[in-house]
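Below: the structure, in structure tokens.
Just so it is clear, A, B and C label the chains in written order, and each chain counts residues from 1 on its own.
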Amino acid sequence: MNQIIFLDYAGVAVFAATGALAASRKQLDIIGFLFFAGLTGIGGGTVRDLILGAPVFWVQNHDYLVVCAAMAIAVYFSAHLIESRYKLLLWLDAIGLAAYCVFGAWKGLVMTGSALVAVVMGMLTATFGGILRDQIAGEPSVLMRPEIYVTAAMAGAVTFTVLDIAGLPLLLSAAPAFAVAFIIRGGAIWFGWSFPPYKSRPGRRPEDIP
Amino acid sequence: MNQIIFLDYAGVAVFAATGALAASRKQLDIIGFLFFAGLTGIGGGTVRDLILGAPVFWVQNHDYLVVCAAMAIAVYFSAHLIESRYKLLLWLDAIGLAAYCVFGAWKGLVMTGSALVAVVMGMLTATFGGILRDQIAGEPSVLMRPEIYVTAAMAGAVTFTVLDIAGLPLLLSAAPAFAVAFIIRGGAIWFGWSFPPYKSRPGRRPEDIP
Amino acid sequence: MNQIIFLDYAGVAVFAATGALAASRKQLDIIGFLFFAGLTGIGGGTVRDLILGAPVFWVQNHDYLVVCAAMAIAVYFSAHLIESRYKLLLWLDAIGLAAYCVFGAWKGLVMTGSALVAVVMGMLTATFGGILRDQIAGEPSVLMRPEIYVTAAMAGAVTFTVLDIAGLPLLLSAAPAFAVAFIIRGGAIWFGWSFPPYKSRPGRRPEDIP
């Protein structure tokens, strides 16, 4: 367990940074940075713990709140140096997604023993912080972009779950799973990877439907 | 209990289908269909179970996840055959609303014994999956449309709660309550039923208020 | 405890009124008023209780639901008399924020003994009802406005937590904390108080980033 806890801190820290970057894009004040860093950093894990019936992780251990606050302050004083905050946000979000899909799957597997629940928990933990961030900041949701997003979280969670059930040591399950998720999401950002949709057409606006 | 569990599966299945239809309207890939089917299918019941302090239903029984995945795949390969996905979405949403307002009220009544909590739980279970779906997909919320929506869920939940407390067998409480909710919501979709608002005027935009 | 429970009812009542005012601005029917009054009145406290692992307050005590319903009905029949519903909404929201940041901090401190968790809980309880209201009603979030908002909740929660840990009686911790939060938020509404942002620039739209 001591090894994988690193993924948890890494996920919280980079998601907190993406929240602070969203606050910077919206020109909020320092407290707005703290709010969005907290919301994004601990949002996904909070939903995960509530659904698993586990005590919420940051209520048990305040270090996570301190990590979020530190990231918020760091971004607040450095965001003006960054050429494209949105690109940095996307790349940090990719790291957070990779860390959290593995950690969420691990926690789901430990607490329920079910591979299916583990995969769902990995996906949910990896995506919900970003969903909350985008919804409340009024940004277009990362989830709705054409490039692959949820797929990367799912691939990472599946990889970890399969390797862990196959009996590999924790580190040898977690590291490849993190790599799979990050490479898929990173490739999607860099090369615009996407699945060809099947006989797809856009939805009409409700008021245009006769 | 064995009889009413059918409503639970029915609600999950049709809400999952509405989520997949929303994914289709947004031209997402297959994993996006799975995500939205899961979010909408199990979202309302998850919030219900968290508030009631019950173990989350799909963590206990994975069949619900399998139902969501099956609906996502079925919609993925058939959505191009459907003339108006939004109309189908509205009608399936009406079935899900009717099934879930009854099941939510039943679970609320069983777990708390309070009629008021039962009605609120019925309304909440019936509406939250759709709220999550519309919020995250960036669709205009079904809730904000002029036709009757929440009222149908409330009427179904009240009907079930009154009949159940009156001592009727489960099936004779659940069936009329389902019918009441579906007829009210169906009439609202078909005939555009709405309440006349009382001395109503639209809100101004915040920036236009002196 | 008996004294501070007044803040809880006050917070629920005024937040419920802001939800009903949002429903009025959107020209919803009476059931829509009940829905938004409930969502806003009990939303923040529900999230607080779930995270703290406490039984959800309104499931334990139905009076809160009755308070929400009463406010919804009162606003439904009086909203046409109000010159600017949005301004009233902002001022009632300020009262609710002040009441709830103190009550949330108190409950967080009682249940966890941690000052940091208490402050976060105060901020979260004070802001989440309004976030849910604005998100689901499709209003621009109060949180994203340039004037000070979250800061007021944080100041009130910090004031209460410091005074309470310093050993003051409950009333002498709660009253100044309420005043601090309300004066800061009220000043922000009235005088447009805001923090100067640090080397700030607006975010570009994702599609404009090369």
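Keep in mind that, in the parts below, a contact is a pair of C-beta atoms (placed from the backbone, for glycine too) under 8 Å apart; a residue touches a chain by one contact, two chains touch by 3 or more.
Chain identities (UniProt): A, B, C = Trimeric intracellular cation channel family protein.
Here the structure is a predicted model, which is why all the values come from computation and not from measurement.
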Fitting on CA atoms only, what is the rotation between the copies chain A and chain C? Please report it in degrees, nearest 5.
120
At the interface of chain B with chain C, does the proportion of residue numbers present on both copies reach over half, so same, or stay under half, so different?
different
Separation of chain B from chain C, taking each centre as the mean of its C-alpha atoms, in whole Å:
27
Touching at least 2 other chains, the residues of chain A are 50, 135, 140
Listed in rising order, the residues of chain A that touch chain C in the complex are 22, 24-32, 34-35, 38, 46, 50, 55-56, 58-59, 62, 65-66, 76-77, 79-80, 84-87, 135-140, 145
Which residues of chain C touch chain A once you look at their complex with the stated criterion?
50-53, 112, 114, 116-117, 120, 123, 127, 131, 135, 140-141, 143-144, 146, 148, 150-151, 154, 194-195, 197-204, 206, 209
